[in-house]
Amino acid sequence: MESLLAIRDLALEFHTFDGVYQAIDHVSLAVAPGEALGLVGETGCGKSVLTRAAFGLVPSPPARISSGSVLFEGREILGLSPKEQRAMRGRDIAMIFQDPMTFINPVFKIGTQLVDAICAQKGRGFGKRRARELALTMLEKVQLPNPLRQFESYPHQLSGGMRQRVLIAMALAAEPKLLIADEPTTALDVTIQAQILDLIAQLVEDMGISLIMISHDLGVVSQVCSRVAVMYAGQIVEDAPVAEIFDDPLHPYTRGLLASVPHPLRPANKLEGISGSLPNLYAPPPGCRFAERCPHVTESCLKGRIGQKYIGKQHKVACIAVEDTMQHA
Amino acid sequence: MGHLILRRLLLMVVMLIGLMAIVFAISNIAPGDPARLAAGPDATNEMVEALRIERGLDRPIYVRFGIYLSNLASGDLGTSLLTRRPVLADIARYFPATFELVLFSIGIAIVLGVPLGMLGAVFHNRFADHSIRFVAVSGVALPMFWLGLMLQWYLALKLDLFPLGGRLGIMTPRPEAITGMLTVDTLLAGDFKTFREAIWYMVLPATALSLPALASIIRVNRAEMLETLNKDYILNARAQGIGPFRVVAAYALKNAILPTLAMIGLRFGWMLGGTVLVEGVFDYPGVGLYATKAAVSSDFDPIIAVTLVLGASFMLVNLLIDLTYALLDPRVRSQI
Amino acid sequence: MNVAETAAPVIGRPADQNGLPDSPGTPEIDRFREYRRMWSTFRRSYSAMLGLTIIVIFLILAAIGPWIVPFPEDALGSINLDRKLLPPSAIHWFGTDEVGMDIYTRVVVGARTTLWIGLTITGIAMLIGVPLGLIAGISDSWVREAIMRVTDVFLSVPGLILAVAIVGALGPGIMNAMIALSLVWWPGYVRLVQSKALSIRNETYVEAARSIGASELRIVFVHVLPNCMSPIVVKASMDMGMAILGAASLGFLGLGAQPPYPEWGAMISIGKNYLPDWWWYSLFPGLAIYLTVLGFNLVGDGLRDMLDPRQRS
């Protein structure tokens, strides 16, 4: 299957006062057209940086991409000029972010920002009037009550859920091929969360858009996505269809994640956390980055890089303790 | 909105009375004998005493303050010992010149300062930024009066590019005084030649007066832009593919300009004070020069009046700034 | 269903948050590391180091100036009409003035005057402003209102004009100029300390301290004052420069130091009458003011970057 987005061997570092912070460590990840992928991991594991870096949205310096490639529809986009990258953003790839409170400009009207974004996405010659019409259509599509009035409102007059709807409208107006939703519901009330998730899932399916849903919440991802990639300390440690992740988690970290959350399908008698904290990424351990916290750690875990291997047709894991049953497949 | 303005104006009156009380108290704890000063060096003791009673200087200070306030209410600000004319007439004559100069200067500072601060932030830590920061850091440290003198020495005296001082050439006929501001009056009279000349006379004093303000505006706007450019909504705007110019000059600037506005208001006040220095250098007939001359010869009524007028202008400008603030920031607007 | 939130870098600013996994445990080491980081921030800034250099030179001149100048007798005024108004030369680096005094000597000796002026004005302003600000910050009543309204009135008028008015009342002279400038300077500290104190009072940890019975006085000295120190230090450094500028301005207007007292502003005040031919008379004292004020401003900037945690990255 031809991938829509293929990140290969991407490595990114932050050069800071304290040294070189190795935020992304040779990560590979692919998204097929129409696929909904969940990217899961604890805060600071590099999920956001990974997706933003791929599209030139991480300030450099301090960030530096030291290796890898990012193919979008088979075209390398890492070396693109800022102008070309900008042309892709919004039109081919859209993003919605965590906190709708801070991601809308407080001093411009909702309508102005929508029209601006649409004009930028659609390119010159689209025209303000058509942009306005499209903006209103989008506001209806995201089920914002009273679109005409909200069009003339300022962000502070809208609730968090409404703002997130506006941001979704903004992102999807130009029918992008890929939507990156970066923890889109984390900052919202629980009741609103479900609505927004449903909305995203439904719009993405209707419009045939690929989705990368970034979250630290496996539950959120399981509602919307068909596949999950689990990130830990700048690496992808497991990558599998949702059902397999829940039924047959292989990486100790994934298991820890599952054990630390109350699972609706498999009620646990007792919740466990994962002891310890993220390794120091200024001087990451040479072997498995999870070794320090892993209950099954062995001598060989500490030596050398741990590569990913296929366990099932679509199930990859980076752990030497896991039997590589598919070695020959 | 109208309600808010009215409340602010009322507050201003209270503040001005407070200001007057302070200045009045200070001028009355002065070691000199105001009656003797007023009577002049040749006066006999009887004449001094007569003047003391005539001016009410023998009464307690709060009584005199009350008298001063009631006089003020009827438009009597006292008489200048130096010019021998009513202070109100002097202020009416000199204040428009000062106001014109300060407006021109703050205009220069804003028009140059805001874009330069923006450029500094966009080219953060690159050569352009370093040069802009140099201007910003130097400008605050330069003594205004010295800068004025050096400009005068080099550009006026040595190279003869600009006039030495004053508001217009001696031979130039004055326009009919309507506002007292030469640029406005000449425009009203349709006299563009004199208008240009009036601007020409203001260039050097305005440069000296505006440099510190320019520097502060650059500093604040640069810092605010730097911070704003890191905001989430800027990331979002960029993620939408909105062009860099619009992102910086509209999406970021409209947010960053709000704190800069506060600095502009503050600097306007400093400029009003700075006229004391610059008007002296360029022999520019405004209230700054008037106040300095009065201060050197312990002529109190003009000093109090100038303090009052400049204080009032400062407060009015700050009110104006706050209204602009509300105009630009919908969150503030919705609160009033 | 949340995974444990662990403190870790945020995008774009990886070192923003403390508590990175390698932070050593003991507070002493932390503090030492903190100081080292601060000093390193300061040292890496060229402008801050330039400012520091200027100030060190200025302080040395202020300390030993009278003993290293070529014409010590010119420091407080002497008359040598045979060498009046000479241009800069090997003997008179900055030229001589209208009564033949060596301008270089007077500029160097003026450093001490200037330092004295700056320290006095800033010191008095702090002595008045900081306690008033603390009182206003911790009292909830009319006391705060009274202090803040008086402060507002002082801040409602351009400082220089108020200083001119005060000197006009007290009479010209360097002491009166310093008194006048101190009187217009303190309100800035009241505002700064009051707003800081107000925000710290509402911090959770202060609420906690209060809930276990800490007195207001203890809260002020243990929590509020130490937290106000950084902004006060930064403001004081900036104000040194601004006070020097203010005093020089009054000197220039003839309201401050009176000639032949070696004060830079007063020197320029006389020197301006000798432009354009005898330009050195006003040029060099002006440069001295500029450099000194620049030095204090640069150091103030550096201190702000160093003490402001937001800047750390």
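Some observations on this one:
Per-chain numbering from 1; labels A, B and C assigned in written order.
Assume contacts are C-beta pairs under 8 Å (C-beta built on N, C-alpha and C of every residue); 3 or more make two chains touch, one makes a residue touch a chain.
Owing to the predicted nature of the structure, the values given are computational and were not obtained by experimental measurement.
With every chain reduced to the mean of its CA atoms, the largest distance from chain A is reached by B.
Comparing chain C-alpha centroids with the centroid of the full set of protein C-alpha atoms picks out C as the closest. Work out the mean CA point of chain B and of chain C, and you get 23 Å between them. Inter-chain spacing, taken between the CA centroids of chain A and chain B, is 54 Å. In whole angstrom, the spacing between the mean C-alpha positions of chain A and chain C is 49. Touching two or more other chains at once are residues 12 of chain C.
Those residues of chain B whose C-beta lies close enough to touch chain C in the complex are 15, 18-19, 22-23, 26-32, 133, 137-138, 140-146, 149-150, 152-153, 157-158, 230, 269-274, 276-277, 280-281, 288, 291-292, 294-296, 298-300, 303-304, 306-307, 310-311, 314-315. On the chain B side of its complex with chain A, the touching residues are 231-244, 246, 250-251, 254-255, 258, 328-331, 334. On the side of chain A, the complex with chain B involves touching residues 55, 57, 82, 86-91, 94-95, 97, 99, 102-108, 113, 116-117, 120-121, 154, 156-157, 167, 170-171. By the touch criterion stated above, chain C contacts chain B in their complex at residues 12-13, 47, 149-150, 152-154, 156-162, 164-172, 183, 241, 245, 248-249, 252-255, 265, 268, 272, 275-276, 279, 282-283, 286, 289-291, 293-294, 297-298, 301.
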